[in-house]
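The structure is given below, and queries will be raised subsequently.
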Amino acid sequence: MEIGKPKPKKISKEAFPEILKERMSRREALSTGAKIGIAAAIAAIVAGVGGYFGGVSTAPTRVATQTITQPAQTITQEAQTITQTVIKTETLAAQTVTQTITQPAQTITVTQIITGTPAKVPVPSEPLRFGVMGFQTGSFAPASIAGMNAARIWADWVNQAGGILGRKVELIFEDETGPVDVRKERFTKLTVEKKVDAIIGTTATSTGLAFGPLAEQLQQIWISWDATTQQGLEETLPNPTYAFKSINNEAESVAGAVLTARFFPDIRTVAGINDDYSYGRNNLEAFMAILKRFNPKVELVKELWPKPEGTDYTSEIATLKATKADLIHSSFWSGHATIFIRQANAVGLFKDSKAALVTAGGVLPTLKKDFTPEGLLIGCNSWYFLEPRGWPLREAFVNEYVKRYNEFPVYECDHAFFSFQAYKAAVERAYEIKGSWPTKEEIAKQLTQVTVPSLSGYRSFREDHVMLTSFWQGLSKHSPDYDFIILDPVISVPPEKLQPPPGMKFHDWVKTWA
Amino acid sequence: MALLEPSTITILVLTGIFSSSIIFLISAGLQIVFGIQRILNLTVGSFYAIGAYVGITFINFFLKMGFSVVYGLLFLILAGLSLSFLGPTIERGVLNFVYKKEEAFQLLATFGLVLIFEDMIKLIWGSYPQISDFGILTYGEFRFLDTSFPVYYFLVIISAFLIAFLLEFFIKKTRQGKKMRSVADDIEMSEGLGVKVRNIYILSFTIGTVLGTLAGALIIPVTAAVLGMGIEAIVLAFAVVVIAGLGSMRGALLASLIVGLLQAFITFIFPELTTFVIYLIVIAVLLIKPTGLMGKEI
Amino acid sequence: MGLLEVLEVTKYYGDFKALDNVDLKINRDERISIIGPNGAGKTTLLNLISGLLKPTRGKIILEGKNITNMSPSERCKLGIVKSFQIPSYFPNLTTLDNLKVALISSLGKSKNFLKSYQQDEEINNLSERALEVFGLYERRNFLAKDLPHGDKKLLDVASAFALRPKLILLDEPTSGVSIKEKRDLMGTIMSALKEMEISSLILVEHDMDIVFNYSSRVVVLHNGKILDDSSPELVKANKEVASVMFGS
Amino acid sequence: MKKILSGNLFFTLILIALLALVPYIAPPFYVYLTLTSLAYIPVVIGFNILFGYTGLLSFGHGLFLALGMYTTAFLMRNYTMENLEVLILASALSAFIVGLGVGYICVKYTRIYFALLTLAFGMVFYTLLIKFTPITGGDEGLRITFKPLLLGLDFRYLPHLDFLFQPYYYYVLGIVIILTVLAYIIVSSHFGLSLKAIKENSEKAEALGINIKRFRLYSFVISAIYTSIGGALLAHITSHVTPIFSYWTTSGEIVFMTLLGGFTNFFGPIIGVFVYTLLRDFIMSTIIYWRILFGAALLLIIIFVPGGISEGLIRIYKHFKGA
């Protein structure tokens, strides 16, 4: 059986409130001035796969696969075209990069021998259960809690719209705090005791390393918001089935380096202050590697590695001040970013030095105007709450979030929202193909096939289970509308500029930079 | 290794002394309780954290009421002092029951309190870092050798020294202070002389509490209040009292200066050693002079 | 024959001179009492001999061997054992186990990791016999902390005796005990000495009746120096001693 | 005395029988919790030899837990050592060496000074683990990528949880029984009595000829070895080791488990491990403010039943027997 008819990707109409149904065409995205519009037309819908899934669902997976001849897949991929357009707006300083990614229409041809006819089985009536894990306490908590709040909003919206294929969703929260063995214990509990359909969340890189293999061992879908390191990608999970990971750690600094070269072309000396763990070390290394491609004379004059659980940087800041570097690089991303900026501002560090705080936007609402000067390069990871303009989902979400939690949302909300959205789309897609409720493995297979609207626009997973996203970074600015800083100009760096393509090592990738 | 220019040295010395002032207040709180009650009071870290959170709440409240930001320091001190009620509450409510138990149990009882306070803070203030509207540059800047410092740093340093002198005066010269010293020396004898040990315990624990909450309140214009800051403070204060010698107030002053300055200079000269150096000093002191620099013979 | 020699021993506590150039020679089978007013240095001298303190200057020789720098446990193995002025025992062990600790140590069995001390017949027999000698057998299963004061004293002395020392140091064995009980206590100790064949004894004691009744030699300490050292009769007659001791 | 011994024996046999049945009767997650608890038993027994029997409170026992885990992970990754028996022996050996060194320094002090010194050593080890990334994997730690051979038998064909819940469970149970019996023999031996004497009154013990420093060192080393073996067993359950196991909060947890169960009774800490694990699971799933309950529980235990659950049980038993 051969199917090659491209069909527009389907988003269930009933299952979502109004705003989510709005799809932005490429033209609309451009016209509304959205910084990124992944107007993706993932075509490729495969009717024959249904038979394959149908066969699987009637018997245990392993037995079934023995009776089925594996389908031959032919994937034709057109060359990607990436167009970047720089539009100058009225203010010279306010530069905006708008870029469009024309994603190729994928044609997937699947030939398959059908061994059974799919039987339409009714959807189970009990709710879909999600385990949501994040830090309830400690210095990582602000980001985690924002993500968990976003999960609540998503769940409420979905349930209002009737659930996923009619099944209500239910969130079960677990604390990520504690040693790795306790975290693994919580993961195991959610899987074998609470029997959740997927585990979504997790913030710390050490969690990521531990959960990746565990998810495969327990055959549990795990979508991580934030817990990914280079080592984690290369070593622990070469070919994951159930584990889905966030973007590389050092992407923040890759984007930061590109924009540093652009905003601060004259800097010569850099001093780094990063947490003394792999996240911090990877970031400084990546930052310097990329920055040197633009500006080979740049020199790293000081590296400071305060302990991650630290809350006082007085000594470090004194050292930075005494070092008199042109630029300070830091990947502080949670409560300690606030503390660092405040303490540094107190002794006038930012008067003498520029700064690239590549992840400080993770706690943007705490960076108050009275201690955060204008002109710092601030990174907001995958999402900045004022962008993309004119994207109705973002507006609706920000309003809802402020109403509920009396604070402004940060990037982790986008990762969380995307993770849930992707899961929902994957279930719907698999169901459509199979004709009955899909297994975890079948859902996992579809997760890389869907592109869904999230807070920052359309997002998807790469075939190696890594999130694709743009990063938003910009210079801090004081606005009368907010008591904290906003970013202006703000620039979004596209996914392919953030991390190496699948299978390529980071350092080989850096060499490809012109 | 960068050269130590005069301006560099100034920066390092000043920040070192500033850190020392805060460390001193916290460790003085540990010392006075250990000196009188013989309990190593881990809770002092929690008092530090609570002082910071309450300080923020206080100052934001007063600023909203329309008070001038110039009185900021006063509000902070007020916030620190207002928490003194925690002293008698905990002393009577918890410690009272563990005086007769082994040292290990006393230590663990205060550890239990630390756990409770940690989550109480989360319950009340949430897990986002809390920030006050009281900017550190309210009192202006001080320029010296082509570098500048907030005047607030000096106010904190002066406050810490003032408190050190007041404590010294209180313990050495006043009636209550003399009673405290006699209890520290010999409880039974003091009781025989009509000193109410109970009251002295309450007094000393309250002083210990207020020292912690004051330190927390004073630090907030400089930083944000975050979860875990209490535990961080305990570890440092611990190191200081071990170096100082348990119970010695002057030792605490000396050791705070050593730790604060050393941290500043080590961070500049050998940044990789920063996390190590405190523990190495602690081990070295315990090996060479286990009673600390100014501790009494055990 | 000389058992223990204290040679020119001086001990300072800070600036305070507790012992000043003390020389003392103790022979086998001697029962020496050390007397003197409070602060004369009696307990200091005893602690120097047992090893709890180290002298500022001077030497301590046991059977020709210099033991000045040895720890109490090493001296204990060589045969010097001390009982404490304030009775010292293991409060949460039974009376019997208190004795067993001493016996296990004296028989060099304390490094035996695998043998149950409950089932060691040799230890059981010896400890029970020792308790009988001291009249504590009835209370063998009491926790030491629950014993009456006099029995605590006896238990302390008994565990010292159980080590079968060459020289035993008794620091005020009768302090805190009523006058009537004192006699019984000393009687028990003296008969135990015979029973357990311990012949050399240094006793620090305030009760002069006990001193003169039970000693073969009396040493008088005053302000850290030896004022007199001779037989009980001669010391009794020494006027200077009387004035120091009784202020008359 | 005989009666109590037989009581203990009875209790032990019941416990072993129950534990052996757990994989058949309990829901999978509780098998997992029981397995984790089993691996912690040598840890608390080791800790209690030092604390309950020698009177030394270590606030840095996480060091030895982490040592056992890292030794295991290191040997498996770099030398593909597969036999669990060899890994356990290697962990014991590394604990012996490190315990001897650290113990030699620490046992010079007692009471609060000992607690502070062990705390400092634990934190130094923690910092070392983070700094020496090439060997230790830094903050990310080391992952164990394959299953060990149990008594030379290869169970690698089993899925992860099946491996843990069947062969590995019984293997751990066996090792734990052997270690527990051995520990019981040690604390009831001549040596054990001498340790108790040192705890009760070290001055008197020294006067009776016991070399207290050396005995404290023996106790320290035995304790380190037990804790490290616990770490080696735990490593295969977590299959990932990180520096947090050496952090002072982990050491605090070990203290907490022991106190919860009761340090005055040999079996107390074992009860403590099970109750702690179940309680933590229950509380963490119920409320996010679980530290308040834990802190309060700690205070209540210290104030009212310093002997922990085991003392509480004995009190109740006596009450009903007396009534």
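A few points about this structure:
Which chain is which? They are A, B, C and D, in the order written, and residues in each are numbered from 1.
Quick note on the criterion: contacts are C-beta pairs under 8 Å (C-beta built on N, C-alpha and C of every residue); 3 or more make two chains touch, one makes a residue touch a chain.
Keep in mind the model is a prediction, meaning the values are calculated, not measured.
Across A-B and A-D, it is A-B that has more C-beta pairs touching.
Taking the mean of all protein C-alpha atoms as the reference point, the chain centroid lying nearest to it belongs to D. The geometric centre of chain A is 40 Å away from that of chain D, both derived from CA atoms.
If you average the CA atoms of chain A and of chain C, the two centres end up 78 Å from each other. Per-chain CA centroids place chain B at a distance of 49 Å from chain C.
Each of the following residues of chain A touches two or more other chains: 136-137, 276. Looking at chain D, residues 130-131, 290-291 sit in touch with two or more other chains. Across the assembly, chain C contributes no residue in contact with two or more other chains. Chain pairs that touch, as defined above: A-B, A-D, B-D, C-D.
Within the complex formed with chain D, the chain A residues making contact are 136-137, 173-175, 179-182, 184-186, 188-189, 192-193, 205-206, 209-210, 213-214, 217-218, 229, 231-232, 235-236, 276-278, 281, 308.
For chain C in complex with chain D, the touching residues are 50, 52, 71-74, 76-77, 81-82, 84, 88-93, 97, 100-102, 104-106, 109-118, 120, 123, 156, 159-160, 163.
The residues of chain B lying in touch with chain A in their complex are 2, 5, 7-8, 11-12, 14-16, 18-19, 118-119, 122, 127-129, 131, 133, 135-137, 141, 147-150, 152-153, 221-224, 226-229, 232, 263-264, 266-268, 271-272, 274-275. Chain A contributes residues 136-139, 141-142, 145, 276, 301-307, 309-312, 314-319, 321-323, 335-336, 338-339, 342-343, 345-348, 363, 366, 368, 370-371, 407 to its touches with chain B in the complex. If you check the complex, the residues on chain D that touch chain C are 1, 185-186, 188-194, 196-197, 200-201, 203-212, 215.
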